[in-house]
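Shared between the two complexes below is subunit A, which has subunit B as its partner in the first and subunit C in the second.
Let's turn to the complex of A and B:
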């Protein structure tokens, strides 16, 4: 297993009032993303645990692109990865932010 | 400009396609579910790291409470896509704890949304112990007056230790997709040879382990269509009609099973069982849609369940 962690400054806070959301599942070529609103509004952290070792550069690029597109200020995203492709990771990250930004029901 | 695709109504959603969390959300009254030991607590398996395998934050088991038709229920759901919904140490302990909490209430029912291949091989001893603990907890809950109802309709079916637990429940509902058996197709083929059971023969698998056969042979109380609404209706009904539990019920169940093996023990295929049971046109059963099948099953004497 390899663990990776990336911390970024963000332009703005992720909207909404929910404090937690969970998307995805740990299965082959899939991943789960647990997103928690626990950081200052101008920060974001993505922590990854993956069985596919040696892909740090790809993760770094995918996470940087995600932060630039979504500005997930205040969020910590924790990933358990089952060997997902970068496009799947991007979609799950976007889904995670979209889910926590929904109005609390 | 074409209209936006219609979003499938909550009640019409497929149980088979839904995740564990989606099933709970759709089954219970809206926004009433409260989770115990949620994913944010990161109560993950202590064994998977030894095998260099990824963990899941909820270990594939979601437990909590909510209301169903306005009445309080405990609910547990397995995520069949994570390690085949298999029982590990934490996965099992969450269900054991839920059942013991329900037992202590002496009334509030438990729904178990099965979706499992059985014990997780990477933590086999802990998983086997978990099955034993869960079976005891189910029987203690029922003895105390708490119905335990199982719903089976997921991708992984309900196999191995999961089937043993299901066999201890007050009542079961199953869909066509929900298979119920202790030994799975590949296990039987590996141990007894392809002549005994060809696991690649999907028609054989479905008519031997699938929901229709389990309904006709009396292993489950209700056959339902693969929708959230049908599973909810069955859950409400089975909770309301769950029988009391005691030594006399177990004796009746033992007698029922003995009679079953006496009547069908020499049948070599499920179709033979249905024929012996007097089902008209048994060859037509596998292709029959859900509603006509439910109507037919209700006319078969054997499926009246007076034991369990």
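Let's turn to the complex of A and C:
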């Protein structure tokens, strides 16, 4: 098990009012993302707990692109990873943000 | 004038006839028959195709007395069964020319490194068949069919595959043809091989083995593969108007097949793309066929469980008067080369020029048909819209009347494959392998100058539009995602290529990655495919979970 954590400044707040959402599954080659609206609007944190060790550089790049594309201000995303590939990680992160934004009303 | 080959052939037949009643030989005498017919150093085709296997004859050959039969030169499409390699361990065989070695890819690599096999070359199917007629003509062919009559007329059933090419080369050049069959009948349902080309028939106790190579379970298709399929349909099939094509056997192309009746239908593409195919009977194409997308399919071989469905769909497939599929690998490979405008398939490794290979240092899978399907036919002379458009993109300056068209050769896959192994590499493992084995050529599956597009979840790289090697490299880095190759890209250069549509991201094509949902698949399980087929598709038990 390896744990990684990245904190980024964001351009804007993630829309919506929902405070918590969960996407994905904990399984081999897959991951679960818990997203919580608990941070100041201009901050984002991604905390990773992964079964696959030694992919720090890839995680760093995936998370940086994610923050740039989605601007998830105010969100803390906690990842429980079963060795998912970067494309799956990107997809789940995007799904997590959409879920917390979409269901807000 | 010397007729030594004919005299030798007659002597072999004479020796074999002592074990036969007419042409029929008991299975228990199969090894004795081979010992009687074979001579040391013979060139032998032991029919191992992509799918069907002459398994009884393979076992019989593995059991011959090595003092009598040794140092054979095996010339065969597929190295598939353990016996295909056992004969090299024992010394029965020495030299090998082949095309494909899927299930034995790890062992064949080990034996090549260990010097147990003297390798001629790894071929593409059509190339090996061609050499059967020039410099690799078999002295003895050990083939396989469904049934035979007493005159040796053979019925090959849906899996005709390589048999006509093998028999043609052997029987008409003073060779001996020995067939194993599942049964001896009074009258075969269809004559696939005329009896005067067959010298001995051995009845096997169990039906020959067929590998279900082309069945992909829709349940295993990932969202990322669906995304690559959406990109390919909207970014390549649609703008080029690709009607005539061949698909590889990976999950990405299976996803494309399952998206035609859903995503493709929504885009209004029915009848405009993917109507005519050189393709094995892929179960994942059933929903598209049943939705009226497909006009015609010619097949290299058959697929386990598809027989009844094919029989009911003889309006689509090539079938005999008995209703069963007539496949033919040599003709279908020719069709793929000359009459298809696109090949799309997966690979294991792509380098920065766009060369691709399925060879790794521990596995030599061979090529099968991919280098043939995935290459531009330099002898092609008939025009078609996609071929002309691709030719224009590659060479806008030559006058229209003098410009060659180009076949679309598309490599599709995820940036990271199984176990997080990146698809993009600095150097192909094939080069290291060639150096270690002292080969004249690295086993490259599709050469860079034949590849026109690469599709990943990051987008499409159109290599036809690249004008320099540096552009090409960055077109590839630009869709290589988070692999080391991808992370080594110059962001500014990639954005310039994107502006010229050399690189197209999902958003450039109006595709939201979040829409890549399994609900888009026309069938989400093998059971769904059975339903689509009206209960006619009978999947092998390993694909059933009900």
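Convention: the second predicted complex is superposed on the first by the 102 of 105 C-alpha atoms of A that agree within 3 Å, B and C clash if a C-alpha of one lies under 4 Å from a C-alpha of the other, contacts with A are read in each partner's own complex, and residues count from 1 in each chain.
Criterion: a residue touches a chain if its C-beta (ideal position, glycine included) is under 8 Å from a C-beta of that chain, and two chains touch if they have at least 3 such contacts.
All figures in this text were calculated on a predicted structure; none of them were measured in a lab.
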| item | value |
| --- | --- |
| Touched partner set for A:58, first subunit B, second subunit C, both or neither | second |
| First, second, both or neither for A:34, with subunit B first and subunit C second | first |
| Partner chain in contact with A:49 - subunit B first, subunit C second, else both or neither | first |
| Touching partner for A:20 - first (subunit B), second (subunit C), both, neither | first |
| Which superposed partner A:81 touches (first subunit B, second subunit C, both, neither) | first |
| Touching partner for A:95 - first (subunit B), second (subunit C), both, neither | second |
| First (subunit B), second (subunit C), both or neither touched by A:4 | neither |
| Shared contact residues on subunit A - subunit B and subunit C | none |
| Sites on subunit A touched by subunit C in the complex | 52, 55, 57-58, 61-62, 83, 85-88, 90-91, 94-95, 98 |
| Complex contact set, residues of subunit B against subunit A | 19, 21, 30-31, 38-40, 49, 52-58, 79, 81-83 |
| Residues on subunit C engaged by subunit A in the complex (per definition of touch) | 222-224, 227, 414-416, 420, 457, 481-482, 487, 513-514, 516 |
| Residue numbers on subunit A that touch subunit B, as the complex places them | 1, 20, 22, 25-27, 30, 32, 34, 36, 49-51, 78, 80-82, 105 |
